[in-house]
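Chain nomenclature is as follows: A, B, C, D, E and F, assigned in order of appearance, with residue numbering initiated at 1 for each chain independently.
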Amino acid sequence: MENTNNSKKLDKRTLLKSFHRWFWGALTCFSQEHMQTFGYMASMLPILKKLYPNHKDQVKAIKAYTAFFNTNPMLGTVIVGITASMEQARANGKEIDGETINDMRAGLMGPIAGIGDSLIDGTLIPILLGISLGMSTGGSPLGAIFYIVAWVLIAYFGQRFLYFRGYHFGDQAVSFLVGKQGAAIRRAIGIVGSMVVGGVLASWVNVTTSLKLYGANGKVFLNLQNKLDSIYPGLLTVIVTLFCWWLMTKKHVSAIWTMLLLVVISLIGVLVGFFNPGLSY
Amino acid sequence: MENTNNSKKLDKRTLLKSFHRWFWGALTCFSQEHMQTFGYMASMLPILKKLYPNHKDQVKAIKAYTAFFNTNPMLGTVIVGITASMEQARANGKEIDGETINDMRAGLMGPIAGIGDSLIDGTLIPILLGISLGMSTGGSPLGAIFYIVAWVLIAYFGQRFLYFRGYHFGDQAVSFLVGKQGAAIRRAIGIVGSMVVGGVLASWVNVTTSLKLYGANGKVFLNLQNKLDSIYPGLLTVIVTLFCWWLMTKKHVSAIWTMLLLVVISLIGVLVGFFNPGLSY
Amino acid sequence: MENTNNSKKLDKRTLLKSFHRWFWGALTCFSQEHMQTFGYMASMLPILKKLYPNHKDQVKAIKAYTAFFNTNPMLGTVIVGITASMEQARANGKEIDGETINDMRAGLMGPIAGIGDSLIDGTLIPILLGISLGMSTGGSPLGAIFYIVAWVLIAYFGQRFLYFRGYHFGDQAVSFLVGKQGAAIRRAIGIVGSMVVGGVLASWVNVTTSLKLYGANGKVFLNLQNKLDSIYPGLLTVIVTLFCWWLMTKKHVSAIWTMLLLVVISLIGVLVGFFNPGLSY
Amino acid sequence: MTISWIQAAMLGLFACLCSNSCMAGQAVGNYTIGRPLVGGLICGLILGDLQLGIACGVAMQLVYIALVTPGGTVSADVRAISYIGIPLAMVAIASQGLNPLGGSAANLAKSVGTLVGTVGTVLYYAVATMNLVWQSFGWKDVHNGKLNKLTAVNFGWPWISHAIFSFLPTMFLTYYGATAVTALRNALPMDGVAMKTLFTVGGMLPCVGIAILLRQIIGRTTDFIPFLVGFTLAASLGLNLVSVTVVSLLFAVIMYEVEMSKGGKQGNSTVPEGPNDDDEEDI
Amino acid sequence: MTISWIQAAMLGLFACLCSNSCMAGQAVGNYTIGRPLVGGLICGLILGDLQLGIACGVAMQLVYIALVTPGGTVSADVRAISYIGIPLAMVAIASQGLNPLGGSAANLAKSVGTLVGTVGTVLYYAVATMNLVWQSFGWKDVHNGKLNKLTAVNFGWPWISHAIFSFLPTMFLTYYGATAVTALRNALPMDGVAMKTLFTVGGMLPCVGIAILLRQIIGRTTDFIPFLVGFTLAASLGLNLVSVTVVSLLFAVIMYEVEMSKGGKQGNSTVPEGPNDDDEEDI
Amino acid sequence: MTISWIQAAMLGLFACLCSNSCMAGQAVGNYTIGRPLVGGLICGLILGDLQLGIACGVAMQLVYIALVTPGGTVSADVRAISYIGIPLAMVAIASQGLNPLGGSAANLAKSVGTLVGTVGTVLYYAVATMNLVWQSFGWKDVHNGKLNKLTAVNFGWPWISHAIFSFLPTMFLTYYGATAVTALRNALPMDGVAMKTLFTVGGMLPCVGIAILLRQIIGRTTDFIPFLVGFTLAASLGLNLVSVTVVSLLFAVIMYEVEMSKGGKQGNSTVPEGPNDDDEEDI
């Protein structure tokens, strides 16, 4: 708040540049290890350049954004906007450090991933596609064109709106972080995030076993999947997920290796007749 | 508590008079604007006359009851009883003012409306009718007579009980209001009230669209209602309700005008094929 | 904590003896009045003998265990372990009295009964049986043998593990009891317990009425059970349960008399056509 | 079967007693006299065919068994159903020689009931709107301190609203009998815009009522959440209202305790805590 | 197939080991020996027809796969099912020359199982009631400080209850075989008042058990609410017990935190707060 | 219908633009160009049979209408579905002379789509893995302070990953057309171990993604509880995601208030409380 007169303020052009980099580049250099980290850094670059004329300061500032980042790129735009604003506050001498910025990013990225994946991938896109598919029955291009126009407009202006919301909200985001209310808000968002992630898992993922035991008379006497469902619907899905979580978090296995392990497990499962997707051409 | 000796106390006759006025008159002069306000004033009149011999005091006291009031008249009887008691306490010099009384009325009327509409209109009456209908199959008057007797007894003595419960509870109702516990209790009742009102809306109201798009081959390719249900079951019902709420609360449109607007919307909807109740003689 | 040097410590043999008495004898002298009280006393005897060489002290110490006790014997093993440890602490002069011990037992036995009955009787046993039944189709003894081996191993080592968990946990169990966190944990366990007991009731008990009224034309016009279900599914089950609770808790009727009363009620219900299990050979 | 002027007038009187804003009170008027089951009994007595009256009442009652009128909104008007619909249905059934207890009679009764019930909502709102006039008298009385006049405002003047919008329509419609219904059905076919709109509006009106209740409950934006959760429980999971109430009680208890633990200074009044008093004295 | 006295006595012995308040402990006695699947194995061995024994056991086990006995109440007694029901069913199936693995055999087994299982609950409560005698000995011993005698109270005397109400009934009923069952079925027809009452009571008894559990849990009226919510989740929404447990954990966490935040004076013990100590010293 | 090199190259270009880690951004690339409905339009334009392209796109889109890719895991790759699957399906349908709008054509399209979609996940992970190389360049640049090079790391180099794993495979597979698919189908029969494993893995991969999200959310063990409750609501009760979100908001509000009431020292910033300050001064 002190010396607001000589304070640095990001101009709209810089902000738009940062936003466009996120819009186009959040996932371009995606890897299982760092995910959106480079997309994020690329988006913050214009901001840092503007705020810190001094090259050394820029290099120091970018460090905060080298931490792992991943979220739903659509809704996540708001986080980029918030950091733009926090960075501006930091450049103006407010008591914000890289840690504070990263706390915010870490606290929000998970919940927003859950909520975003559910609302965008799981709800909004299917609705738009559902409507458009109707229009394209019979081979008409109408539906496809409608989808392209409607979605691109929604996505572009929606994300742009979120970016600037985040930027303007940023100042509060600081008080949002420090103190009790910040903790409370993050806790609340965390609850929503984890429940939604649970919902996403149950809605879109379904690991099942095909194991059936047959009696002498050829009748099935044990349908393992049914038995598991009567214990807890979706049990295998939860178990596989928690197993992956445990590998990555407690055993520090990387995502790639975890996936390869799943390949091995699947292979063995297929061989012993535990798994069988049951598809045919 | 001080000078309880020379304190004014409402006698049973006055309380019964007040109760009967509510029992018979809660809705007689109902309008969309003031709803049960006049029924309430009429019920408090005997109380005020008894407590304030001085006409000027009566006129002053009635002011508290000119505020908007609406609730489920059955369960709401308890509120009338409580105000009788609070008014008595006020007449005895306790530090209760019209504002306190109105806070209580405003805090309780909504939740009790929700709970009452659900329990009385939505549960108790249907059960009694269901039983009675059985007895009247074949054109026998038995069921109707049973219903009349059973319900009128329940209603009269039930409400009377609530009125006097409210009256005796009234003293606590004061401590109920001031301080922390009062806030907590009202919050708790509010939660029940809003969840129940949500339940009432979902159970008894169902706004649906009949919009269907047909493909070249005559098959339906878009059943909008199904699509909406897959987003959020009951979406249109919620939207219409929140729209009405927004009109009345944020735009200060009166209930009557809101209803007229719904007529216009329905007309347009019917004309464009969005709405179609699909009934026939 | 003071004079830990000359502190008494239970040896493994004593603990095992206590555990085995519980494992074999939790229910042997079961009655509706004292339930597992004698099983509990028999299990604590080796502990008390070890800790208090003086006979008078033993007699004094056993008093704490004369209070009513009942829980799920499997999961409940953890409680026995905890009391072993608390008793040891008491023998070492820590400020623990019989009341503290009983508070803990009373606070945990209910919830653990609910959770245990649901997880052991309602989930684990049915799963094991389900799998084993499959193997015994066609009259093969395989399933039965598998069940015996699998279950006895799980039960024995599972309970043994719980006993020693409880024993080691015991020290914390003290701080667990006194102070705020203790109250909070017991509250939390209580919530789980009561929700699970509610779930057990709904899942495994189903009191229904067979009362149907027929119209002149022979068609059913009142199916009371359907009507009750539309009010609140499982209503009769809840009512009978709360009635028993009320008899035993508020009217201090013993369990045996409550049961006899149910016999009378059932008899009358059968005679008037309210109850009819509808079975046949 | 015909309806005389005197019979029609008696039906009109009962109509005044039983709408939602009725002259015989909610319990006796609306919930008792207004219900088609009871209406069937009364119409049967007035028109001299008890069995037929009850049969019509039962048929119509089944349609409106759980009529809620949240926040003073009705989607079907019991006065019109019971005291216009039942008499007309009785006349129609008798004139067509249908078996009063048969299925066709019941169907005829239901369709007449639905028709006049929804049309009757117009009468309901008319009464409520006309009451604004008497209420304006009332405000003047309060302002001038003439409190005694309030009794007339609440119990007297509204009879005029009902005379105009309950008594007269009922009397005329029932007297002119089958002609009127036929005319109505021809004038307003079910697949015409007018009736479609009427029924659509009828289905939406309770939303206004719920909105009125919400206005009473909602203080801040987050207050919408329990409302939506209640809606979700009933709409998505099919929980009935008693079950929703049970679940809501758990959240209520939690909220109560959360509120009580706030601030931490003023303990629960039932458990006075020593230090609190000290704090109080500090101020 | 016939049953000799020695075979009948062996069945009687197993019956002592396996009721709910059994002499072989809950895990081994009730949950293992008592289950019809295992009972089928044992009866098959004793009577010398393993396949038939297992087949009967499997059929009966399916009926009682999830027998919960909350609060010491049983609606069907495993001792009677496994050691009276299975032998009798085996005799009946063998004498009628039915295919042991066929459907009729299974149905016969189930109906015999249901019959004796419910009748057997009388035996169960008889044992538990007779144990009150030994418990009264126990109280005297505690009172007189003769603690060593408690072992006999818990592990010794109850054998007498079982000798009378498990051993003898099992031995006699299985020895007199088919005659007994037929006599029972004739004496107690399913549509007679006695059996109807017995089954009705059997269905209600677990309510007493749940009530006993509730007595342990419920402190104040609001404690009924989570109980009712759990009931609602299972009864209205069909959630199974594991799912109910998962949901309850969320409420438990919330309640834990609410309790921890109460008062605000004593911080969570893991996060000691400076000022607290000061406050403590003030008092 | 045949596919020329130039057409195949154009398809390859679009393939680069649209995978999950795509060169045209998520909104335009993945969510627009990548969706089979749009892919159908584009392939139709490139191959000169719009109607057939759209018909194939519609058929495939229906299978993948709600594709979520949590935590960067995909179980089916839109690039392969849209720009390998659709062209090949078009060729197959045209060569077999099927009616483009008929059921057999749609089924053929779906099975080709499923096949290449799952096989294509290999391409997806290949691109993401190759990007590790460019990211290693990036870390060096950050370390050396050459920030300007980051733009190339994010927007430039990944084109190479796509050239190798999107452009080339698409171009070759579509050019060699039906032969390729037939070869693939023969080499990898659906009931063979390879394809069974591939599809099993495909079904499991999103678990890794969810686990990544969990790693971001879960701090302590109890944080699993809301996750499991959300799972239970959707899996056991069939609540959809919006409804789950609504319910979660109620718990969020409660947790917010619980957190705010903790400690009781720092009041809600919007409601400053007198006595608190006093306490602060005491310290």
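In this text, a residue touches a chain if its C-beta (ideal position, glycine included) is under 8 Å from a C-beta of that chain, and two chains touch if they have at least 3 such contacts.
All of these numbers come straight from a predicted model, not from anything done at the bench.
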| item | value |
| --- | --- |
| Chains contacting each of chain A and chain F, listed by label | B, E |
| Result of counting contacting C-beta pairs for A-B and C-D, higher pair | A-B |
| Equivalent interface to A-F, taken from C-D, B-D or A-E so that over half of the residue contact pairs match | B-D |
| Approximate Å spacing (C-alpha centroids) for the pair chain D, chain E | 52 |
| Distance from chain E to chain C - Cα centre to Cα centre, in angstrom | 12 |
| Residues of chain D touching at least two other chains | 226, 228-229, 232, 236-237, 239-240, 242-243, 246-247, 249, 251, 253-255, 257-265 |
| For chain A, residues contacting two or more additional chains | 123, 130, 133, 137-138, 231-233 |
| Chain-level touch network, classified as line, ring, star, complete or other | other |
| Which pairs of chains touch, using the document's own definition | A-B, A-C, A-E, A-F, B-C, B-D, B-F, C-D, C-E, D-E, D-F, E-F |
| Chain E partner contacts - residues on chain C that touch it in the complex | 21, 23-35, 37-39, 41-42, 45, 48-49, 55-56, 58-59, 62-63, 66, 70, 73-74, 106, 109-111, 113-115, 117-119, 121-123, 125-126, 129-130, 132-133, 136-141, 143-145, 147-148, 151-152, 155-156, 159, 175, 179-181, 183-185, 187-207, 232-234, 237-238, 240-245, 247-249, 255-256, 258-259, 262-263, 265-267, 269-271, 275-277, 279-281 |
| Touch list for chain D against partner chain C, complex | 240, 242-243, 246 |
| Chain F residues touching chain D - in the complex, by the definition given at the top | 237, 239-240, 243, 246-247, 249-250, 253-254, 257-258, 260-261, 263-264, 267, 273-275, 278 |
| Residue ranges of chain C touching chain A (in the complex, touch as defined) | 123, 127, 130-131, 133-135, 137-138 |
| Of all residues in chain A, those that touch chain E in their complex | 230-233 |
